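Each chain carries a letter (A, B, C and D) given by its place in the written order, and its residues are counted from 1.
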């Protein structure tokens, strides 16, 4: 057992963050090196960690704060799934952000908080106890706020206010739930579930509800999703971070932890709290898609699409059957890859062609072909068209629904796929078959720093679907995790 | 029997004066009643065999506080500052009466407990004074006294801080104009030597009999005030080094002795064989500082540009 | 050595104050040196206490009941260290505003002795075991504080100082009456000796009076009206001392009264009343803070709310509950909360002072765009806000966690809800200024520049508040040293 | 025969009530201050009476010393309060806190 590795992985984002804050604005080279260096080291460490975990070595670091209150970083299979995803996407997003922001103002602050935000996400993934999870969950809220308000205009500040107005009460609910639970059972360690039965059914149900409320805000579960579309006011890399790397994912990850590691599948089923959550997730899937359909701005449409897509993960987790679990977990990765591709492309359209509205997309495919191909791959994945990754998730989720004796799930998935097609296909049609108006502004994709990450993530989404059967695919990993949780 | 009758008379006067002071219609009348009240309090202390306290109450409680209040009445009148009249508050009056009754009951029913007479008596030899009150003040509970003498200084700094910025460096208080042949001037020349004598005596006697730095210092302060009112002595500038030195001399001396004790193992400890000399030294230093601080408190902040 | 270690934290500020009066040209340097010297000594003392347990000295060699005893236990030494940290930084921060160049000025003369005397009074209050000596120490502290409130000499601050004075006089006379009653009944004023004797109704009455007096001085609801205008009206370094430090002295004495002197007299009703007033203070103070449109008033009203939290310790750890396993957590949480508040609130007032200097006024609107112009000070403000809201990782969070846990573990979840609500309300009133700092539109075009080193000072304090949350195991154990009736470790049954 | 101490202790209790009433009922700050001094000396008298109450073996010097300290501290407080009040009176021509006159504070 060793404590070094988890701390090191955390430090790869934390240390650059603390250094970057003190860099003068003009030191863009040092900033870039610190960021990219940290991200690269992190990926190496994560790979090393995977090997270690495969060899059965436990990694654990602990810091005592007070009796009963300690930070525990611990690596398990679920941790790795999330950490590897966020490490890869962080690297991509950093490359993209450096190119996107160029020499704008307040970059030391931006990249400092950016790295802090990733550090918080890493900590959250590594958290071995409920309270550690909470601490990093809160840190994530706090470190994303300066990113959301980065532009310092009225819209961003309003978005920031809304974000906190949703997040802080949510985490207050989460804290109450945690302390209510722990005051009866003692500290909850994820790998070693305690006996929750000391509490009455009613208390447990209330705690579950408070939990769901707390993490549901981040996961943009209906009706707690209002902040997410507004947060589009932030720069594109921040959207990528919110929607794919960190925030929304942290919420979904929290729900998975809640069901599998805090309550356990058996107790969740016994209390009958899984089904209401699944129903809420299903409703969110449809609601998000319907709202996306009504949007006229590219980024707003993508935002509502996230609301819908993240609930697939929650749906899978809540159904708790073998296939459903796999479907939910693998969608955690797949959705991240596909959605970040879409946001990278949206940012490219905005920066390189000045396109923000859907009706401006006409004919952009010919002027920005690489970007548009990547966008198309992402969109097809979202609809669930094979062989892109999204298909695999939906397939497993559908099977899981049938397996769990909830055939309505298939209906929801089908309806959602139709809606997804309904809002993505017109975009694709405009991109490829629309005719650009004569007065369309200049468009090019001469920004390698922005294009390469988009291509990389698009390729990854495609690969994750094509090679889903391979031994090291996200699907294989998710199946491994699921096997650990199922009775 | 006669004693009780006398006590009853004093108590009656005390309560009546207090009521008059608190309830007087005019501000000036209230202060006058208050000074009278202070005198009765001092008499009460005499009746309780607490001569040190009686002296302190007469000099500080009645005398100096009275002067301060009278001065304030003058300032307020000149500034034309008023306030709405008292709101007769029957429930409040009843509540306060209730509190008095409860406290009175507490006085009557407190269990008998021996005081600290015995330990004080046992420790008195070698404490540097034969007056137990002085021993308590300057030796057994020297820390209280040290802090207390510094509280006066803190307040003086606070009062000075209220001066107009432009007046900094000037002389405290408003300049008095006195006719050189007037009654006040006469008193001002006549009384100071006498007061000086009384003040020094009080300090000197304090180590054996009732008296001490606070009582003596107050008398000396009064002397200085009188002299300055009569125009005999002018208050020095607030920036005067000599004045500053006089203000801090006592506490610094006290603290130095205390620190020397700390090096010897007990903070504020006095070696029994040196205690008498040390107590007297501290008393003299404190008297100087207390007298200056009290006098300057009455004079108030400097108000005219230097 | 122990004699020096215990007496110097009191004696040095006293001496420095006296010298500052005599030689005011050197006052600033003297004060700053004293701040760091006392900080060093306090840390040393804390290490001694950690190694050897509580240290007691009898002043003048006279043991109680005749003499006055000073005692450094975990609680006292802990408060000593944290307040010295705050004081050292605040005194440095005050130098640009109050050091006289050339000719002596009024404020330049008065500030340093008053600050040092406040320091001495504070340290005495943390160490002394004698009720009357505590009274004198509180007077030194309060009168210096009042003088500092009025130091700007404006009508508003003089009014605030007078209001403070009215409350303070009442508070001190109540405390004195209580101490007199205690002496009358038991012929001693020493807390340790009083804790050993059987106490009857006279002591209960004495405690009631002293508690009321101390509650007034701690600005517990409904005696809080004096605090916000007084703290907001003083110059920033003075505000930092007033808000961060001064109310803690009376609170520590309250802790000593009810946990050390007479835990057996703490009836459930009394504990509930104290806790209830604290809870009302949390909500009421926060709501008032939300309604303010001046930064310093927001910070000052926040102090009313934050002091309210401290009183939740009474129902959670007081009386018969003192033997329960969760009481260690609650009792320690109160100190943690006080520490975190001391550091964060001082940082916030210092930052507010810099904003005020840069903008020229402290209306909230002036904060627009400051995140760009004064990033370090804004960062310090943000970090302190995190601690005040009780968000992780910070000293405020550890305190809130411990209090919440003992509230739930003891089944008194109502107090827990107050904590949560208070945190959310704090978020509302603290994010208003933060939001403005991040608003570019309408930002003032010209600002008075503030040197970087001055902005670093509040950051140091804010970082300390945050680090208290990260390294809280050591302080937690330290606070248990000499804790009266320390029963079980841990938080849970 | 009633002991002097008891009588003056009772007088002290009465003075506390009188002083407290004046302190709370008046709006005029000088009157409040004057009442506070009455209240204070009432407390001292009660304290002194308690020192005397025990079986007669000589007056207890400790309370006497404490009372002297108390008197000085009380004077210090009064002096600062008066200076502040004079300042207030000059600046605003009022001698009461705004809220006691029905003005917003």
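Everything that follows uses one rule, which is that a residue touches a chain if its C-beta (ideal position, glycine included) is under 8 Å from a C-beta of that chain, and two chains touch if they have at least 3 such contacts.
Since we're looking at a predicted model, the values are computed, not measured.
Among the other chains, the CA centroid farthest from that of chain C is the one of A.
Across the two interfaces under comparison, B-D and C-D, the one joined by more C-beta contacts turns out to be B-D. With centres taken as mean Cα positions, chain D sits 14 Å from chain B. Work out the mean CA point of chain C and of chain D, and you get 28 Å between them. Mean C-alpha positions place chain B and chain C at a centre distance of 31 Å. Annotation: 68 Å between the Cα-based centres of chain A and chain D. Shared interface positions of chain B, defined as residues touching 2 or more other chains, are 106, 110, 113-116, 120, 140-141, 144, 148, 151, 154-155, 158-159, 162. Each of residues 16, 29, 46, 50-51, 53, 62-63, 66, 69, 73, 76-77, 80, 84-85, 87-88, 92 in chain D touches at least two other chains. Chain contacts: chain C has residues 66, 132, 136, 139, 143, 146-147, 150, 153, 158, 181, 184 touching two or more partner chains.
In terms of which chains touch, the assembly is arranged in some other way, matching none of the line, ring, star or all-to-all patterns. Under the contact rule stated at the top, the pairs of chains that touch are A-C, B-C, B-D, C-D.
On the side of chain B, the complex with chain C involves touching residues 106, 110-111, 113-116, 119-120, 123, 139-144, 146-148, 150-151, 153-155, 157-165, 167-169, 239, 241, 244-245, 247-248, 251-252, 255, 258-259, 261-263, 265-270. Looking at the complex, you find that chain C touches chain B at residues 3-4, 6-8, 11, 14-15, 17-19, 21-22, 24, 57-62, 65-68, 103-107, 109-110, 113-114, 117, 120-121, 124, 132-133, 136-137, 139-140, 143-144, 146-147, 150-151, 153, 158, 181, 184-188, 200, 202, 205. Taken in their complex, chain C has these residues touching chain A: 328-329, 332, 369, 371-372, 375, 379, 386, 391-393, 397-398, 401-402, 404-405, 408-409, 413, 416-417, 420, 423-424, 427, 431, 435, 438-441, 469-470, 472-473, 476, 489-492. Across the interface of their complex, chain D is touched by residues 66, 132, 135-136, 139, 143, 146-147, 150, 153-155, 158-159, 161-163, 165-166, 168-170, 172-173, 176-177, 180-181, 183-184, 225, 229 of chain C. Every residue of chain B that touches chain D in the complex is listed here, in rising order: 1, 3-4, 7-8, 10-11, 14-15, 18-19, 21-23, 27, 30-31, 34, 37-38, 41, 44-45, 47-50, 52-53, 56-57, 60-61, 64-65, 68-69, 71-73, 75-76, 79-89, 92-93, 96-97, 99-101, 103-104, 106-108, 110, 112-118, 120-121, 132-133, 135-137, 140-141, 144-145, 148, 151-152, 154-156, 158-159, 162, 212, 214, 294, 297-298, 300-301.
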